[in-house]
Amino acid sequence: MLQIQDLVKVYEDGTQALKGISFTVEDGEFVAIIGLSGSGKSTLLRCINRLIEPTSGRVIWDGVDITAADPRELRRIRRQIGMIFQQFNLVKRLPVLTNVLTGRLGYVSTWRSITGRWSRADVERAFANLELVGIREKAHNRADELSGGQQQRVGIARALMQEPRLLLADEPVASLDPATSHSVMKYVEQLNREMGVTVLCSLHFLSLARTYASRILALKDGLLVFDGSPQEIDDRRFKEIYGEEAVEVEIR
Amino acid sequence: MVHETPSAPSLRRHPALAALLGLLIPGLGHLYLGRRERGAAILTTALALTGLALWLELTALAPWGLPFWLWQAWEARRYAQGRDPGTLRLLLTAAILVYAIGWQVTEIDLQRFVANAPKIRPFVVSLLRPNYLEREITYASVRIQFTMPCGPEAPGPPPTSSGPGPVLGLDRACADPGDPITVYGEGFPPNLEGELWFENTIGDRARLHHQGELVDFVAGPDGRFQATVTAPEVATEQPQPQFIEARYVTEVGPLQPSETARLVVYRMGETIAQALMATTWGALFAVLISFFAARNLMRVHPLTFALYYVVRTLLNILRAIEPLIMAIVFVVWVGLGPFAGVLALTMHSIAALGKLYSEAIENIEPGPIEAITATGANRIQVIWFGVLPQVWPPFVAFTVYRWDINVRMSTIIGFVGGGGIGFLLQQWIRLTDFRSASAAIWAIALVVTVLDFFSSEVRKRIV
Amino acid sequence: MDGKRPRGPWAKTLMALAIAIPLYIWSWEATQIDLGKLVQDAYKAGPIVGQLLRPSLLARGVQRDRLQVTLKVPCAPGETYEPQGDLDRLQLSAHCLNPRDPLQVTGINLRPNTQGRLYWIITGVEGRLRDERFTTDENGAFTVETDVPPLLGENPGEHRLQAELRWEAGSLNPSPALRTTAEKLIETVFLALMATTLANFFAIPLSFLGARNIMPSTGWGHTVYLATRTFFNLTRSIEPLILATIFAIWVGFGPFAGVLALTVSTVANLGKLYSEAAESIDPGPIEAITATGANRIQVIWFAVIPQIVPPYIAFAVYQWDINVRMSTIIGFVGGGGIGMELSRWINQLQWNAAATAVWGIVLVVTVMDYASALIRERLV
């Protein structure tokens, strides 16, 4: 269970990105976070694993206060939380396999990792995960030789290496075309359904959220303006979240 | 990292034999395994480095070549076993020998570096005290006459100087070179400090010494002092009147710009002017030449294309010769002075800018030219609206950048007599006048940093 | 355009001209530009340029034939003196003489049509004193009129007069200038290599201190950042040649002073380039690796290093190229490398030898330039 309590983030330049947000996510949920650009989606997700230090408020996961963890403890927590990014954030010059293996960094010693002595089990698991996302044959290619969709699948494989119980996804498909978007989202859905990973996924398009999410949170100007099931978002709600002029578009 | 082992084509070869061959002659093991390129590269490297060491008589360095020798043999064995040893370690072992040679050739001597550090202390201290300002100091002096060397006739009574004001006295009326002389003083301002000087018959002056030290005097609270000096050498053998002088500071003026500051400002101006002139001339000629060095313009005809190669080659040769070397030649030609420096910097600027300009011309996009031609514009209009807007921003950017470089260069062109601040700076360092050197160095740092900033701003605006 | 012409550009142009014209006039004066002299004195440059185009590459070995006879200076009146030496081929008008006495020297049965020179070997004085030059005729004979140098009178006793013939013989070999040039060029390249390598040990750590995104954004971190950048900029503004002059005081003349000077300037240059490269890395991978629970060292190893290695290598190779150029002149102030020989040859007006050095420099610099461009292209 993930509890967000009164989370506030004020950036150094004074921007109030989150203005006090509270909600609770049960294990196994697929939560989509929607909202306009600049509404605070990325900030919220990064505050959960403290890539961004929240200004105040608490993030409690299975009874552990992440916001109070010391650096060592924070790394222990982080390694159980997978994360995927809009820009994939792969280390472009390293081979795909190494990129996937970096998902194990929280589990192996510094010395073993930087000398490249990964355990046989880890390497096998990396191949298995690449298999799962369908790009095993690319294992020895450099990451920047892959297409966008393939890169995001490497990102998912990297997150899978962590054996995460929670997956944070920050607009995982915003840089991809609609068809590829669906294929990537299918893998995320698979994680959620088959492995029981809790998913928090920010999305630009409501249609994607409707298709994959079991619950939708909507942010507007750093405030939570909607929390409910996809069906509950009607035209009025939609206009509330996205503004009067917006029209819903379908992503197929 | 685990790689799937590639099925090795050389499995039937013997690993031990490969290693042995490698030990015998570097690279032979690889050649035996059919890895021709790598084997040849190893052999060439080994031969080249050995040849170099032999030629430079550095045979004592042989042990440093051992890692490379052993590793490449070991590597051959690994290849034969079907494993891939990677290239990094081979390069590193070769680097050991290369750097061992380099260490010897460049006479690196860390012990000397540490042991001689005190020599540079005065410089470092002076670096923090550039003498841009100094005080004008007024001196007063009291003189007393005596005779050197002593003549055959008996000397008179010990002399005293006559007032008004402070007076000096000596313990003897004549002295031979090397004699100790005691100097008395009275009526001086209390606690006054000063120096004792000697002035000979023809007016040459020098500080007085005693037992190898310069002699200063300090008056007591009663205005008296007593000091011993050694009579200096004199050129005459006949007794002649000589003088001892007590010199002291009467007035310390306010801080004012020093002679050094004046020179630095003047020469710095010369430096900047040199750079400006060289850049301007260089740019003018380079613009003309760049058209002949632009591949896309010159490809129209075999003859022009040949010209293109000639111009390019000349530019490359010219560019390889540092302006300082050219400056020496121009100093012989037009004499010492800033003009020689301007010429040297101009030549180098022509070469450097000519290359950059011509590359800018080569990078012109044909799109806009096509578009303007399509509007029915004539040739001049096409050049004015299609070509110039594309080439002037890089031209200006390169030129400003060149000016920046030329200022740096002209700070040193004076080292070979080419004018600018370099000449003074080198003189000051040689004469160990480190405070003046420091003044010049800080001035250079200031000017170069400002121009650096200025030129990067200009380039940012343009691009 | 609608009627009104914009005023701005004209005012600006006028302003620029108002600054530029006096600036140029002053610069012209300050730099003592004298085109007349340039043209008039072109004859001075002619021979130099001519010889610069004829570098000394090959030379034959030098053969020598030395003959000497003894003589007595000063000579008491009526004194008899029995000379020794190669009296059969080198004959003097007298063997017992006083300073400034005229002397006729005749040689016979020598190598025909060969240049030679007379030397005095004075007892008690080191080295030889040069005297007249001569050339033998087709019979191998020469005659020279000279007189006894006063220096012989100051060291009374038996002295020797030497005639030395020199001619080139044997097969063509690399000339001494070519050999020296090759040796010094190797030294030059190594000088640049050692300086670039040594500098990297300092420049790499410093570049992290000078990268805004790597330094913590605390006040302390910012101070270190600013201090590092200021150090880079100030040091960069001082040419390596100036530094070499200072290091020559420290460790004495020779390549080591050059290595040190280039090292210092390279630390500053590379430090600046490196920290800019480090500042422009993609923060995404750092974020991603941090999110996996990696520690700081792992983040640097997996997310920072792979991104900075290619630009760092490219800059290092580029700097090596620049350093080779620099080390061709660092010898002018005693920093070792080819510059030392070059300036010596120029000072002794040995233009052919100087030409060898200049062409050697052109070759090495061009090759380095090409090679470094090639390596950098591969890396990107």
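Order of writing sets the chain letters: A, B and C. Residues in each chain are counted from 1.
What we mean here is this: a contact is a pair of C-beta atoms (placed from the backbone, for glycine too) under 8 Å apart; a residue touches a chain by one contact, two chains touch by 3 or more.
Note that the coordinates shown come from a computational prediction; the quantities given were computed from them, not determined experimentally.
A.B. asks: Chain pair with the most contact pairs?
C.D. replies: The largest set of C-beta contacts joins the chains B-C.
A.B. asks: Looking at mean CA positions, which chain is nearest the middle of everything shown?
C.D. replies: The chain sitting closest to the overall C-alpha centre is B.
A.B. asks: Which whole number of Å gives the spacing of the CA centres of chain B and chain C?
C.D. replies: Centres of chain B and chain C (C-alpha means) sit 12 Å apart.
A.B. asks: Mind checking the centre-to-centre distance between chain A and chain C? Centres are C-alpha means, answer in whole Å.
C.D. replies: 62
A.B. asks: What whole-number Å value describes the gap between the mean CA coordinates of chain A and chain B?
C.D. replies: Whole-Å distance between the two chain centres: 56.
A.B. asks: Hey, what residues on chain A touch two or more of the other chains?
C.D. replies: In chain A, the residues touching two or more other chains are 98.
A.B. asks: In their shared complex, at which residues does chain B touch chain C?
C.D. replies: Result: residues 52, 55-56, 98-99, 101-103, 105-109, 112-113, 116-117, 119-120, 123, 269-270, 272-274, 276-277, 280, 316-317, 320-322, 324-325, 328-329, 332-335, 337-339, 341-343, 408-409, 411-412, 415-416, 419, 422, 425-426, 429-430, 432, 441, 444-445, 447-449, 452 of chain B touch chain C.
A.B. asks: What residues on chain A touch chain C, complex-wise?
C.D. replies: Where chain A meets chain C, its residues are 49, 51, 75-83, 85, 87-94, 98, 102-107, 110, 113-114, 155, 158, 161-162, 168.
A.B. asks: Which stretch or stretches of chain C touch chain A in the complex?
C.D. replies: By the definition above, chain C touches chain A via 282, 284-285, 287-295, 297-298, 301-303, 306-307, 309-310.
A.B. asks: Can you tell me which positions in chain C touch chain B when the two form their complex?
C.D. replies: Interface residues on chain C, with respect to chain B: 23-24, 26-28, 30-34, 37-38, 41-42, 44-45, 48, 52, 183, 186-187, 190-191, 193-194, 197, 233-234, 236-239, 241-242, 245-246, 249-252, 254-256, 258-260, 325-326, 328-329, 332-333, 336, 342-343, 346, 358, 361-362, 365-366, 369.
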